[in-house]
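First the structure, which I've put down as C-alpha cells, then a few questions once you've had a look.
Each chain carries a letter (A, B, C, D, E, F, G and H) given by its place in the written order, and its residues are counted from 1.
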Amino acid sequence: QRKGAPEVILGATKETAQIIAMAHGLLLSTGRAIISRLRPDSIAPLQKEFQAYTVRTLEAARAMVIYSPDYQRKSTGGQVGVISAGTSDIPMAEEAKLIAEEMGCTVTTIYDVGVAGLHRLLAPLRDLLTSGVDVIIVAAGMDGALPSVVAGLSPVPVIGLPTSIGYGLGGNGVAALLSMLQTCAPGLSVVNIDNGVGAGITAALVANRVAQAREHQSQ
Amino acid sequence: QRKGAPEVILGATKETAQIIAMAHGLLLSTGRAIISRLRPDSIAPLQKEFQAYTVRTLEAARAMVIYSPDYQRKSTGGQVGVISAGTSDIPMAEEAKLIAEEMGCTVTTIYDVGVAGLHRLLAPLRDLLTSGVDVIIVAAGMDGALPSVVAGLSPVPVIGLPTSIGYGLGGNGVAALLSMLQTCAPGLSVVNIDNGVGAGITAALVANRVAQAREHQSQ
Amino acid sequence: QRKGAPEVILGATKETAQIIAMAHGLLLSTGRAIISRLRPDSIAPLQKEFQAYTVRTLEAARAMVIYSPDYQRKSTGGQVGVISAGTSDIPMAEEAKLIAEEMGCTVTTIYDVGVAGLHRLLAPLRDLLTSGVDVIIVAAGMDGALPSVVAGLSPVPVIGLPTSIGYGLGGNGVAALLSMLQTCAPGLSVVNIDNGVGAGITAALVANRVAQAREHQSQ
Amino acid sequence: QRKGAPEVILGATKETAQIIAMAHGLLLSTGRAIISRLRPDSIAPLQKEFQAYTVRTLEAARAMVIYSPDYQRKSTGGQVGVISAGTSDIPMAEEAKLIAEEMGCTVTTIYDVGVAGLHRLLAPLRDLLTSGVDVIIVAAGMDGALPSVVAGLSPVPVIGLPTSIGYGLGGNGVAALLSMLQTCAPGLSVVNIDNGVGAGITAALVANRVAQAREHQSQ
Amino acid sequence: QRKGAPEVILGATKETAQIIAMAHGLLLSTGRAIISRLRPDSIAPLQKEFQAYTVRTLEAARAMVIYSPDYQRKSTGGQVGVISAGTSDIPMAEEAKLIAEEMGCTVTTIYDVGVAGLHRLLAPLRDLLTSGVDVIIVAAGMDGALPSVVAGLSPVPVIGLPTSIGYGLGGNGVAALLSMLQTCAPGLSVVNIDNGVGAGITAALVANRVAQAREHQSQ
Amino acid sequence: QRKGAPEVILGATKETAQIIAMAHGLLLSTGRAIISRLRPDSIAPLQKEFQAYTVRTLEAARAMVIYSPDYQRKSTGGQVGVISAGTSDIPMAEEAKLIAEEMGCTVTTIYDVGVAGLHRLLAPLRDLLTSGVDVIIVAAGMDGALPSVVAGLSPVPVIGLPTSIGYGLGGNGVAALLSMLQTCAPGLSVVNIDNGVGAGITAALVANRVAQAREHQSQ
Amino acid sequence: QRKGAPEVILGATKETAQIIAMAHGLLLSTGRAIISRLRPDSIAPLQKEFQAYTVRTLEAARAMVIYSPDYQRKSTGGQVGVISAGTSDIPMAEEAKLIAEEMGCTVTTIYDVGVAGLHRLLAPLRDLLTSGVDVIIVAAGMDGALPSVVAGLSPVPVIGLPTSIGYGLGGNGVAALLSMLQTCAPGLSVVNIDNGVGAGITAALVANRVAQAREHQSQ
Amino acid sequence: QRKGAPEVILGATKETAQIIAMAHGLLLSTGRAIISRLRPDSIAPLQKEFQAYTVRTLEAARAMVIYSPDYQRKSTGGQVGVISAGTSDIPMAEEAKLIAEEMGCTVTTIYDVGVAGLHRLLAPLRDLLTSGVDVIIVAAGMDGALPSVVAGLSPVPVIGLPTSIGYGLGGNGVAALLSMLQTCAPGLSVVNIDNGVGAGITAALVANRVAQAREHQSQ
C-alpha cells in the first residue's frame, strides 16, 4: 500500500486458485482485496469462497472488491470526475471510479456524452467544475476526441483513458490512444487502453494530494 | 479531363524536364497544366519555361497552375467550404481549394480554428452553412479531431483531410487519419494524409453535381 | 436525426438489455430504431421484444431495423449505387444499402463483379451511370482494387468501403483500405473497414443534397 | 491563457515570419511569447526581431521565451521535480522545466541517473520527496524504464516523458513510450514522445492546484 | 542432439497423432521426448499413450517430458538462475527451467519480484550471484523492465525472456521485448516472446560450457 | 554466375573504393560487372576508373554495367515483357529490364499505362501476348492495382514489382506491395519494393527455361 | 478458366449454402469445383451434397475438389517441386500441390527438411533438380529461411510460400514473408502467407509454359 | 566498469563538447574512453583534443577508443568469433569485435560469407570451432538467415546481430531481427539492430566467464 495506492490483483492471467490465495493474503494484511480484469469463470468461485465477507462485484467492469467484516474505508476529501464518451466506455469508466473510491475519493460521473453531442456535455461539465473537482478522467474509444475537448474546457488536469471500442484500422482503442497522445489541448496525460486501474490511481493520487493540502488548511 | 476532374502532374517523383514536357502536353490538349507537390528546385525552371503563360504559384502548397493565354475557367456554381484546424494545415487546405477552384467551384475558407478554440469555429461555420455550401473539406493534423466536430454540426457531407503535422507516436498525420476513420460523427469520409488534390476533386465532384441540378432548375 | 442522418445503435459492444432500452427510446422519439453489428445472441431477444413492431432483419449484415406501426419512410429522390467486388463483400454492401434506403434514397446494386472479371462490371456500370445515379459506394476486400477502377470510369463521387476479407499480410481489409487511400483515380474518398453505416450515410447525404436541388427545380 | 496554461507556438511547422507575427500577438495580449521546437534557422531572426525584449533561449531544447520589458512572472508555490535518465534526455527535460517555471512553479532537477545506475537515483530522489515536491516528471528514452522505477518509489503522481533516444526496433522513443504505457507501477501517466511542453503543463496544473489549496490554508 | 541441445516438439501446430509419432521416434533414438506449447486437448491422449513411461507434465507451462524407463539424465554442473517479474510470468519461466534441467543444469529460481518491488529482488539476487550462478534468465511481461535491472546488477550474462502478459498498446509482450532490445544495461541478449525453450537452451549452452571448463580444471 | 544469374553489386551500402575492387574482381572472373542502387557520388569515380571499358549507365535507375572489351552477351531467346503503371515507376522497370537483358532475354516495354487509363493498356498488352512473351513484370506504386489487372488478362506468369511511389499511409510502396500480396488475380507473385534486380532475375529464369525448351525443339 | 487457372472458391468467408451453389455452377460449366480454406463445419454438408460425385478432401489443407463423374484431368507434362521446411508447413504445401496437380502438373514433394537440418535437404534437392523439375515451391514458417537456401542452390525459379507458423514478434508468418522479400538469393518471388492456391497457380503457369515448349519440340 | 563491462559513450545524441568532457572523465577514472556511434563531425575535434593520447579510430564502425599513455589492456583468455554475412555488415561486426577486444578477449573473424554462399562458410567455421571458440557473434542484414545457419552448426552459444542493411518492407534490419527471433535453430539469442556494442559485451561476458573457469583449472 505504498503511496496510498492499493495493490490490485490482475485476474486475467491467473488461475482462480491463485487469485483466491492472493486475495486471502491481501485481506489478512490490509483488510481488502481488489481484483481487476476477472475472467467470467472466476467470479462465481470467488463469490462462494468469500461468502463470509462483504463482496462488491462490478460485472461489466470485470472487477471485484472483497472487504474484511471490519474494514472501514477512509474518506480523503479528494474530488474526482469521471466522464465517458459513450455507453460502451462505461465499464472502463466504472473500473477507474471504483479504484478512486477505494482510495478514498468522492467520484462524480457524467456518462454517455460524446463529441457528436457536445451540447450534452457542456452543462454537466460546468457543474462538475463548479463543484470543485480536482482532476477529471475521460474514457473514450473510437476517435478518442472527448478528452481533448474536456481538457480544452477545464482548468484542472485531465487523464485520458482510451477504451478498446472501435473496429477497422485504428480500432480496439489504438486511434483513441494515438489521438490523445497527439492532443492539441493543454494538461492531458494518458494511460494505456482500458487501463481504468491506472487512470483511477493517478487521479486519486492527484486529488488526495490536493485534499491533503486543503485539510491542513482547515485544521 | 474525364468526369470533369483535371489531370494533375505529381511533381515530387519527376525530373523537372519530365514535368515541363508533360505540362506542354496538357497545355496543348486542355489549355491548362496543374502541378502538385513540386520539389523547390523545380519551381524556378518552370516559371522560366512558361514565361509567356499565366502562371499561378502557391509556394507553401507546392502547387502551380499554368494557363494558356486564352484559357477561360468556367464557373459551375458549386459551393465548397474549406476549414483548417491550425495554421500549419493551411498549405494542404490551399491545395484542396486550388483544385476545387480549377474545377469551377467557389471556395470559402475558415482557417486556424481548432478544437482548443471551438468558440472560434461556431459563428463562421454557421455563416458558411447559411450561405448554402454544398460540401466541406476539413484539414487537420495532430489529433485530427476537427473534422468529426464539423461533421457533427453540419447537414452536408464532410471530407476529412488529415495533414502530416504532429510528432511522436501517431505523428505525421497517422493519428489524424486514424481518428477520422474511427469517427462517431455521421457523413465524414476521408482521403489520405496531405492529399489536398484528392479532397479537392471529391468535394468539387459533389458540389458540381448539386450545382448542375440547381442549374437545371433555374432554366 | 441531425442532418437527416438517423442515430444508429452499435450493437457489438452493448448488452442486449441496453440495446432494447435504447431502441425503445429511439422508437418513441423517431418511430424507428436501427441497430448495426448485432451479436448473434442479441437477435432473437430483440425479435421477441419487438413482436408488435415491423422488424427488418439482415442476418448476414448483422443489422436490424424496427419500425413503429405507423412509421412512414419518406422518399427523397436521391439515387445511390452500391457495387460489391466479391460475394464475400455483400454483407457490408447490404449494410450500406440499408442505411441509404432508411435515409430515403433509392439504391441500385451490382454485386460480385471484381477486378478479375472487369467484363462483368462494364455493362452494368454503364447502365447505372445512365440511370442518373448521384453517388456510388464500392465494397471490396483483399486487394481493394475495384473502387479505383470504378472511380476511373464514373463522373460521380465514389465512396470506397474496404471489407475485412483477406488473410495474411494486409489481410482483414488493411491492404484494401491502404490501396484505396493510395488511389490514382480521381474522386474516391473512403470510410473505415466494414463501416457500411458510414458509407451509407455519406452517400445518402450527397444524393439527398442533389435530389433536393432537383426537386426545387421541378417545383 | 485558459486554465493558467500559456499558449505555446509550435515552431517546427511554421515559417519564421509566421512565428514572429504570432509572437507579437502574444506579447501584446499576455506580455510573453513561448516558442517550442524552433528550427535552427529561426533562432537568429527571432533574436534580432526581439532585441528590445528580454529573450530566454534554450538552444538544446529548441525553445525560446520572449518577455515584454514589464513582464512579471508570478510564483504559485507549486513544486515540480524533473528527472532525466541519461544526458541525451536533458533537452526534453529542460523543455518541460521551462514550461513549469513559466506557469509559476519552482522546479528541482535530477539529471543523468538511469536504470543502470539506480544507486545514483535513490539519495537525490529521497531528498526531492522530503522537500515536498507535488509531482514528478521523468524523461527517459531507450528502454524507458526509469519512470516506472520512480513511480514505484514515490507517493506523488509521476508523468512519464518518453524521449526519441534509441535506435533499432523500438527506437526513437517508441519502446520507451510503450513500456511506460505497460507500467506495473502505480500512478504513472504519460505524454507523447519528446512532448516536454505537455509534460510541463500537466505537472504545473497538478502542482498549482495543490499550491492553491496550501495557500488557502495559510491565509 | 547436436550441440547438446535436445530436439523439442512444438505441439501447438501439430495433430496429437503427429506428436505421438514424433515422440515415439525421439524415445527410440534418445530415450526422451520433450514437447512444448501443447494444446490442452493433446495432454490426456499423450498421457494415456505413454502410460508405461515416466511422464513429467507442467500444465501451466503447457510442457511435457516423456522418459524411457531406463533414461538417466546426466548432470553437467552448469548453474542457471531463473527470475520472474510477476506470478503471471511463472509458466514461461518454468518452461525455460525445464529445458535447462533437461540439458543437465541445476536451476535456482526467484519468482514474483518485479520492478515495483525492487526490495524483494535485491537480497535473493545477491544470494544467487554468491552461489556462483553462470547465467541468468529473466522472464518479464508488461513493461519488461526487470531484465535490464538484473543485468545492471549482475556480472554474468543475462537472457531476457519477454512474456505475453499485458494488454493495450505494446501488450502481449511487445513492449517487454522492445524495451529489452533498447536496454541501456550491459550484457543482456533476448529471445522471442514466450520462447522459454530458446531461453533455456541458450542459458544451458553458456552454463554447460563454463561447467565443462570448471570440470577440466578439477580433473 | 550460379544458375545463370549474374552476381550484382549492391552499391548503396558500400564505399566507392569497395565497389571498384569488387567490380575489378567480377570483370576478371566473368568479363562483366553489374552494380545496382549506386549512390550518385559513386558514378563519376566509377566512370573514370573504367574508362578503358564499355560502360552502360542508367542514371535514373541508379544502375551501371561494365564490360570487358571482349565481352559478348549471349542471347537466350527468352521473351520478357515489362510494364510500368506511371512515369515515376520507369526507373525500377528499367532496372528489371537491364537485368533480364544481361541474362540474355529480349525485353519489350509498355510504359505509363495505369489503372486510371485501362484503355491505354489493352491494345499494347494484346500485342505483347500475341508476340509470344513468356513472362511479364509489372512495376506499380501507389495503389499497386496494375499487376492484378494484367495478371487477370494474361495467360503467362506475372511478377509484381511494387515501387516506392506514393505518400501518406501505405506510401513508399507499402500499399502497392500489400495489395499485390492480396491479389484475387491468378498467377501473380511478387518481389520487394523497388527490387528491380529480383524481378529481372526471376523473369529471366522463367523465360530462359522456356526458351531452352523451345530451342531443344528447333534442333 | 482464363489462362488455364481454375476458379477457386474461397470457403472461409462464405455460407455453406453459398459454397454449394457456387460448386454446382462450376461443376456444370467446367466439370470440377475446387474449394479452399473450408471452415470445418462446411465439410460434412458438402460431402453429403455431392455424394454422387467424386470428392477429394484434404482435411489438414482445408481443401476439397469435386469432380463430375465424367471429368478427365489432362496431364500437361509440367514438373513442379514442393518443399516444406517443417511438418507444420505441410498443409499449405499440400494446398499448393493440389492446385498444381489440378492444373495438370506432376508434383514431387520433399517434406520436413528445414534449415536446422540442411543435410536432410541436399540429397533430395539434387535428385529433384536432376529429374528436370521446372519450378520449385518452398513452404516455410517461423524464420522463413529455407526458400532462400533453396533458391541459392537451384537453377530454376523458386516461389516462396510463407506459412503462419510461429508465435511472438514476427509470428503468424510475418517474419517468414519479410525475410523472403529481403532475400539475397536470386530468383525467389513470393506469394502471401498461407496462400498455397496462389503459389500453386504461379508454379503451374511456369511449368505448363515450359512443358508446352517441350511438347512443341517433340512433335 | 561493473561486471567487467566498460561504460561506452553513445556519441550520436551528444554534442562534441559533451563527449570530450565525458571522455576526460572516463580517462581519469579508468584510463580508457570508448565512444560509439560518433557523428562524422565529432571525429576530428576528438582526435585533436586527445593528441597526447593513444587513439584508435574505426571510421566505418563510427567508433573510437582513447587510452591513457600508461593504459594496459589485460588479456582474459576468452575466445570470441565474429562472422559477417556480407561486406555491408562489416562495420557493425567491427564494432562488436572492438568491444570484445577491449574486454580482454581474442577475436577471430570470418567476413563476407552469406547464405547464398554457404560453401564459403563451412570450412572456416569448422576451423573456428576447432580452435576452441567460446561464443560466436553473427552480423547479418537483409533476410538475416546466417545466424540461424551458424547456430544450427555450432555447439556454442550464438549471438545474432541484425544490421540495418536492406530496403523495402522489412528493410533497415527489421526482417533480419524478426527472423532471428523466429529462429528454429537452438542457442541463438539476439541484440537490437546495429547494436554491436551490446553483442560485443554479451559475447565477452560469456567468453570471459568460461576463460575464468579454464584459468582456475590451469592454476
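Everything below uses one rule, namely that contacts are C-beta pairs under 8 Å (C-beta built on N, C-alpha and C of every residue); 3 or more make two chains touch, one makes a residue touch a chain.
Computed from a predicted model, the values in this text were never measured in an experiment.
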Identified repeat of the F-H interface (over half of residue pairs identical), from D-E, D-H or A-B: D-H
Among the chains, which has its CA centre at the largest distance from subunit A's? F
Distance from the CA centroid of subunit B to that of subunit D, rounded to the nearest Å? 37
Measuring centre to centre with CA averages, how many angstrom lie between subunit E and subunit H? 26
By residue number and range, which residues of subunit G touch two or more other chains? 152, 168-171, 174, 177, 181-183, 186, 192, 195
Touching pairs of chains, which are they? A-B, A-C, A-D, A-E, B-C, B-D, B-F, C-F, C-G, D-E, D-H, E-G, E-H, F-G, F-H, G-H
Contact residues on subunit E for subunit H in the complex? 2-5, 134-135, 152, 154-157, 159, 177, 181-183, 186-192, 195, 198-199, 201-202, 205-206, 209-211, 213-214, 216-218
The answer for subunit E against subunit A in the complex is residues 60, 87-88, 165, 167-171
Given the complex, residues on subunit F that touch subunit H span 10, 12-15, 18, 22, 37, 162, 164, 173-174, 177, 192-195
If we count contacts the way the header does, which residues on subunit F are in touch with subunit C in the complex? 85-86, 114-118, 142-145, 148-149, 152, 166, 168-171, 174-176, 178-186
